[in-house]
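Chain IDs A, B, C and D follow the sequence of writing; residue 1 opens each chain.
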Amino acid sequence: MNILLTGFEPFGVEPINPSWEVARALHGERIAGHTVQARRLPTSFAGAPPALAEALAELQPRLVLALGQASGRSEVSIERVAINLIDARIADNDGARPQDQPVLAGAPAAWFSTLPVKAMRDALRAAGHPAGLSLSAGAFVCNQVFFALQQHLAGSGVRSGFAHLPALPEQAARSQPAVPSMGLSGQIDAIRIALGVALLGEDSGRPDEGAPTS
Amino acid sequence: MNILLTGFEPFGVEPINPSWEVARALHGERIAGHTVQARRLPTSFAGAPPALAEALAELQPRLVLALGQASGRSEVSIERVAINLIDARIADNDGARPQDQPVLAGAPAAWFSTLPVKAMRDALRAAGHPAGLSLSAGAFVCNQVFFALQQHLAGSGVRSGFAHLPALPEQAARSQPAVPSMGLSGQIDAIRIALGVALLGEDSGRPDEGAPTS
Amino acid sequence: MNILLTGFEPFGVEPINPSWEVARALHGERIAGHTVQARRLPTSFAGAPPALAEALAELQPRLVLALGQASGRSEVSIERVAINLIDARIADNDGARPQDQPVLAGAPAAWFSTLPVKAMRDALRAAGHPAGLSLSAGAFVCNQVFFALQQHLAGSGVRSGFAHLPALPEQAARSQPAVPSMGLSGQIDAIRIALGVALLGEDSGRPDEGAPTS
Amino acid sequence: MNILLTGFEPFGVEPINPSWEVARALHGERIAGHTVQARRLPTSFAGAPPALAEALAELQPRLVLALGQASGRSEVSIERVAINLIDARIADNDGARPQDQPVLAGAPAAWFSTLPVKAMRDALRAAGHPAGLSLSAGAFVCNQVFFALQQHLAGSGVRSGFAHLPALPEQAARSQPAVPSMGLSGQIDAIRIALGVALLGEDSGRPDEGAPTS
């Protein structure tokens, strides 16, 4: 079966986005009998949700991990919760800057990740990759995609979630002031491990009773 | 009518908590015809929600602002969303350290603040007080109280929310490594302004359609 | 006798500079029988050293403390060493941006503070003011003034040094991203205490044998 | 001729030190006709200077770069100045914690790096490695070695200096709170480039007139 691994196109003037570099590097790999299918999403409030929906419909994945970049973070940052809020401080790649809007009107205020987030974090650390959990994916396109993903798969039994990646060294080399970075090979290896754990691990970090059953 | 303003007792070995110092300093003040009623909550997963419920029942407030301390933050940090998750990395004042539990089983995954968070932030900044919005109140007792508060008042028409306060200078003077701080008089003035705006301002920062109507 | 306390004029587009606000607030105060004389220095590589030299000649002070602003620092930051290097990343108030030049050709590579820096830090902390020591005053006008001051007074027996101050709350309220701040009354009280200790305290933080005797 | 490249043994409970991992990985490499000679220094105030002196005497190097670890920094941090101060907040590997002492009594207050620090930084960035300049190497064993090195080679015509390296990913994976890291292969490549520039580049970042001529 398929594993859907999404990344974003480069944002703004950046020529590269680690989330897509990692996703495409893992495209076609077999993990525990499943095949990674990488899809690139536009960094666009209007464009990202339909592109995600299309990929979900096409691939009928057993597992979904959406990736994004979070400049300033120093580790693979596994998100725990997506909120039903869009509030852009800067424009997306279409020049849109929506503020104080829901991702989806009438939907719950939030969705938790259905991935085994603590088992993933622990496995990454054990393999020597800096990793942590995060309680906020922001209110930009990353959070929107994460929310739309969890909404789409709610009740399906298909596990899904989101992870933010640090800047690549080449991005940090151009950045003033300095930002932390993580090499591409390390990021790829970390996400490969995370997918393996997500397929097999027990769900250890989600308050099962806390999510609305809608 | 009453304005309920809660603060927490000191946490751990700290002899003081800015959230309670601010609340008690404003106790009894009249703001736009309403009276501030300060109540101190225990920094305890078991004790805080009943103490909050008791205060709400007793005072029948028109407005509620819960305060907590967030060492490391440099500004009055107005929280936007409470999540239905408890995950303590350190023990509370009772020695309890619950992990990966819901605040309330069966409740929504999150509740948004019903305060005019952006108007409050803008008024604080205009008055010369560092202020910002936050998308995560953590997963400790602060978030638990915030979630319980929003759950309790959902649909009531009573506005409520949460703000994190920086360390006091005297706390920062004892802290290694250094943490930002904000003087007590500035914190008190900032929360007085915030309450005034919360009473009068328009609700500008909440995705109204995004919250579950339960 | 006189205590010379210098501050800088506002830098760039900022309307205010805490170093001058603190200095002028203490102007005329009597501390242990001495009188604080505040002088404002231009934030200018060309203008600051002559203004400092003029104040030293006029006042013949027994103690000198030069103050500057260091946005981003959260505490009163007592500098230990001035280096003989100017390397401006941004322009001063005259539009000058000298790079990789000595403060004074032929002078030593550095001068240590001759103030009792650890006693000052400890006294500030004991009074509830966040304070720390710093090993770099940068390579902009602050370090230039600090170096020129120490060079001027070398061998004179007059104690002198430099302290960086955090942003004021009103500056932090205008700053994005957030920076730490410290209230003006706290800054004034801290510098008053620091001057008292500098007059009386033992010199505890300088490697006496390490400074060149020129 | 020889290039001396020093690293430190692991510090405290850490099983590894990136400075030595990088140095030993480059041991024996030929760069622009010269041979890298790696030497491991003890993280000890008593032991490091004699070990450095011995290596200098043995190898008679044409270029010296000393490496150390600076947990918390995110980039290769090329130091500009060593100060004549030892002030240890924590104990070295011998349990010694000297405070407020000169590195060398009677020596200058500081020595500048004699490496082309800006050309090195620019070359690293151009190659995609995060890099920056630093104005403080601290007051622990790293600064002591840097000072002793510059003192030893003053007037010799042999270029020398110091660079701090970020934590390795495996160190960051064990660290709470999170620290930035840089992969070992990137660190090795960056130092190889830095050595090449140091051999050939023009000296662009030192105030030649500012250093004492002793």
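Points to keep in mind about this one:
Everything below uses one rule, namely that contacts are C-beta pairs under 8 Å (C-beta built on N, C-alpha and C of every residue); 3 or more make two chains touch, one makes a residue touch a chain.
Worth saying up front: this structure is predicted, and the values here are computed from it rather than measured.
Shared contact partners of subunit C and subunit D are absent. Residue numbering shows that subunit A and subunit D use the same positions for more than half of their mutual interface. Taking each chain's centre as the mean of its CA atoms, D is the chain most distant from subunit B.
Computed from the mean C-alpha positions, the centre of subunit A lies at a distance of 30 Å from the centre of subunit B.
Centroids of subunit A and subunit C (each the mean of its C-alpha atoms) stand 47 Å apart. Taking the mean of the C-alpha atoms as each chain's centre, subunit B and subunit C sit 38 Å apart. In subunit A, no position touches at least two other chains.
Chain contacts in this assembly form a single closed ring in which each chain touches exactly two others.
Looking at which chains touch one another, you get A-B, A-D, B-C, C-D. Against subunit D, the residues of subunit C that register as touching in their complex are 80-81, 83-87, 100-112, 118, 135-136, 138-139, 204-212.
Against subunit C, in their complex, subunit B makes its touches with residues 73-75, 124-132, 169-170, 172-175, 178-183, 185-186.
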